[in-house]
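Please go over the structures that come below.
Next come two complexes, and both contain subunit A; in the first it sits with subunit B, in the second with subunit C.
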Partner chain A sequence: MSASPQPRRRLRLGAALLAALTIAIALVTLLGLEPVASLPPALNQTLNAFSQLLVQLVAVIGALALLIGVSNLVRFHAAQLRKFPRGLYSLILLLSLFGVLIVRALERGGVLRVGADETPALSLLLLDVAQVAVESALTGLIFFALVYAAVRLMRQAVTLWNALFLAALVIVLLGFSPLGGGEALSALREWLLSVPVNAGTRGLLIGVALGIVVVGVRVLIGRDRTFRE
Partner chain B sequence: MIYAILLIALLLTVISAVRARTIALRVVPAYRSLQGALSAAVESGRSVHVSLGSSALLDQSALTAMASAELLYQAAARTSGGDLPVTASLTDPVVLGVAQDRLRRAYALRNRLDAFKPTFARWYPSGEAALALAAGVGMALLDEEGGLAVLCGRFGAELALIAETTVRYDRDLLPHSTQIEGQAIAYATSPTPLLGEELFVSAAYLEPTPLHIGSAATQDALRYLVVIFLIAFAVLIFLGVNL
Partner chain C sequence: MTPEALEQIGVVAGAVLTLAIFSYLLGDNFLYRIAIHIFIGAAAGFVLLAVLERVLIPWLSATVLSTPLELPRLIVGLLPFLFGGLLVYKGRQRLSRLGDLGVVIVLGVGTALALLGAVNGTLLPLIGDTGRAFRPENVLNGLIGLIGTLSVLVYFTYVGLRRLSGEVTQFLPVRFVGLIGQGFIAITLGATYGLLILSALSVLSGVLADRLFVLLGR
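Let's look at the complex of A and B:
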């Protein structure tokens, strides 16, 4: 693959300023979070305090962005209400959203109180019933979804890697099962999880970390798409 | 240590970018398949949905979110000329702004800013698993005649739900995750998944400028360096050298 010829871009003042500001802030934050030993301690402390302030500011922006997210959710699903019958899902979502908001507001105002203590019992109960239970069920289904998907892959093409994938899944699944296999299967499952799976996980994470370094360099030199066009 | 790594990466990127014309990148089947799937979606009048998962700008997945946003731009730039919208979904409200910006740029590239709506990028709340996001992606694929779902970024078990929808309704899927659970499901549900770090070099394969090719070459070089170091350390430990 070779590089494509690029048309000459006109430098825009706004983009250049944005890049300069971002590079400066990124470097200061990096120096604050990862102090350089050869710099004077007072400078390191100042940089650290400044970077902590920046991180806190970003956290505040994140909290405000949540309002934008909710607004986006409401706008999109309000527009979907006109479609029948799929609009029903959007209606349920909007009713749930406003219902939970009202319950939480009533709890905060002290109007709605379940039990003697101050904890928001009803909204927490709603979260437990609706979200935690479903998420737990989904986690329990991962292995079965994987086995089904692996069998489907084998139907498309029987390769050594697909066969290994399916075999590993079945061994781990049976290893957890109390039905049979005994000690040997359980030990094999333990070995699979602690050696190849662990090695694969580390490999994936190291690869992702290298990717992050490369993207980080592009951001630090102001060559990310945000600063262009 | 981090400064040394950044300096090495910067030097390698600059050197590789200067020599970009002589560099032949390794073949990544997922990007070859993605180019075909994007063309097929435009030709058959189907829409494209890109989900950025639960990558967030305010935690350690910030640069994963930026890399996913780049892939969103690349996909949207190729398909935003079609009749149906290119849509995106995510769970971090800060990334919502980035996704809207990338979609707007892609529509501007095709001189179709009038067709762009901010709700093409959608936010869904998430808990431990992004179940609402999974439902939202499924809805986007069915309601908006989606032909292709690109999943890139941080996905966990919810990727299985999205993959199930694409298989059941015969949609194309290009999955990826930086999480081990999501990556395992991605591998099992697609013949050409994006693997781990391949997400971070999307621009090198889809918009090969010297800098992007330099970045991809740097990533490969760093990976070989890590492999050499790991093997060397293992051999030294095996020989009884106290490190």
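Let's look at the complex of A and C:
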């Protein structure tokens, strides 16, 4: 019995052109940022200038994408305003967003000034109150979630991997604790972090980097599916 | 208003918001949601400010708004707006082909940067570190490090043999080395989890000291 034939992939001209353009841009950027010694210096300089320009263009496109994202957020929450109680939260969000923008605009225009110096005191205060305070409180809240999850893990059926995970966790916690363990536990924690944990982290990071290289090479040889779907 | 008075207001407002966030420990509630929505709104506002003040305005002043105005500079200045505008169409089914044009430049430059970053920033330094771990006084630790690194990489090998029954099995040596790698991953994640708990604990104590005890002390 013969194997069923693979469905033939249709080659579309537009997709092929887009893939070729992507490959060309990627190669020019690569050659510009990592000059090849065998190429003439003038060519290397031109490629470098062109790749710098491409990177700048992408940075501006990224900024525009963020702008589009924020405008989408505003549009969504403006549409929620008539609903209750969700509309109240949306109103608070919009007030907070436009409050930051208005305060900054007034400070830039010189209308709003605190004290004699030029520092944007009110913007910095808003950053400290609405960003730094809430972010650090949320990070503090993570502590409870982490401890709760560790306790729940102990209630699960014991496997070798669970036991290794918990042993490493306990050694690190007690090794840093001023209460328990003494010298021996502290030395064990130091060894654990510098040898096995370091090796494991290195393996994971090398794996991630290899994955990025594989995906990058797939784009460079035109095997990526971005433009085919 | 004096800077001192402003600082006082900031401390009290920060403490109130911190308290509202910690109220989540009692369950999802009105105060927590208000604090989170203030946070998201302010974050979006600051992102918008950073994008405008650090990227878009300097770009426009260096290209489109520069004097004397030159045509090549004007075209280069408007190019990202053209590509960025095309990205909007990516979400619409009928016009998504137009959005692909915007993706081309981002994907091309992103691929090059990711490749360079992965090779120069991660692969070469880490492979060098693994080799340098072997020192005459530290052979055993170097060997453990090498075994750990390689076995973790082998653990993520998905090459196997399909048997006649349809079941896919890995080669025994790969499976064995992969099990050692799994052990190293468990230890690494456990230790990282411990370090994360310690960092969260130190942030929590900082928050309690800086924000909440201020309310009690005043």
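Some points to look at:
The rule we apply is simple: the second predicted complex is superposed on the first by the 186 of 229 C-alpha atoms of A that agree within 3 Å, B and C clash if a C-alpha of one lies under 4 Å from a C-alpha of the other, contacts with A are read in each partner's own complex, and residues count from 1 in each chain.
We adopt the following convention: a residue touches a chain if its C-beta (ideal position, glycine included) is under 8 Å from a C-beta of that chain, and two chains touch if they have at least 3 such contacts.
Since we're looking at a predicted model, the values are computed, not measured.
In the superposition on chain A, contact is made by A:200 with both subunit B and subunit C.
By the touch criterion defined above, A:83 reaches subunit B but does not reach subunit C.
Of the two partner chains, subunit C is the only one that A:24 touches; subunit B does not reach it. In the superposition on chain A, A:152 contacts subunit B only, with no contact to subunit C.
Of the two partner chains placed by superposition, only subunit C is touched by A:173; subunit B is not. For subunit A, the partner that touches more of its residues is C, with subunit B and subunit C as the two candidates. With both structures placed on the common chain, the touch criterion links A:139 to subunit B and to subunit C.
Contact with subunit C, but none with subunit B, is seen for A:125 once the two complexes are overlaid on the shared chain. Touch criterion not met for A:112: it reaches neither subunit B nor subunit C. Once the two complexes are overlaid on the shared chain, A:104 sits against subunit C while remaining clear of subunit B.
Touching of subunit A by both subunit B and subunit C, each in its own complex, is seen for residues 30, 34, 58-59, 61-62, 65-68, 70, 73, 89, 127, 131-132, 134-135, 138-139, 141-142, 146, 150, 165, 197, 200-201, 203-204, 206-208, 210, 212-213, 215-217, 219-220, 224, 226. For subunit B in complex with subunit A, the touching residues are 2-3, 5-6, 9-10, 13, 20-21, 24-25, 57-58, 63-64, 66-67, 69-70, 73, 93-94, 96-98, 101-102, 105, 108, 118-119, 121-125, 127-129, 131, 135, 139, 142-143, 157-158, 160-161, 163-164, 167, 178, 180-181, 183-185, 187-189, 191, 195-197, 199-201, 204-205, 207-211, 213, 215-216, 218-219, 222-223, 226.
Interface of subunit A with subunit B (complex): residues 1-4, 6, 30, 34, 36, 58-59, 61-62, 65-70, 72-73, 75-76, 79-80, 83, 86, 89, 127, 131-132, 134-135, 138-139, 141-142, 145-146, 149-150, 152-153, 156-157, 165, 197, 200-201, 203-204, 206-208, 210-221, 223-226, 229. The part of subunit C that touches subunit A in the complex is made up of residues 1-3, 6-7, 9-10, 13-15, 17-18, 21-22, 24-25, 33-49, 51, 55-56, 59, 76, 79-81, 83-85, 87-88, 97, 100-120, 122-123, 126-127, 129-130, 141, 144-153, 155-156, 181-198, 200-201, 203-204, 206-208, 211.
Within the complex formed with subunit C, the residues of subunit A that make contact are 14, 18, 21-27, 29-30, 33-34, 51, 53-68, 70, 73-74, 89-90, 92-101, 104, 114-115, 121-122, 125-144, 146-147, 150, 160-162, 164-173, 176, 191-210, 212-213, 215-217, 219-220, 224, 226-227.
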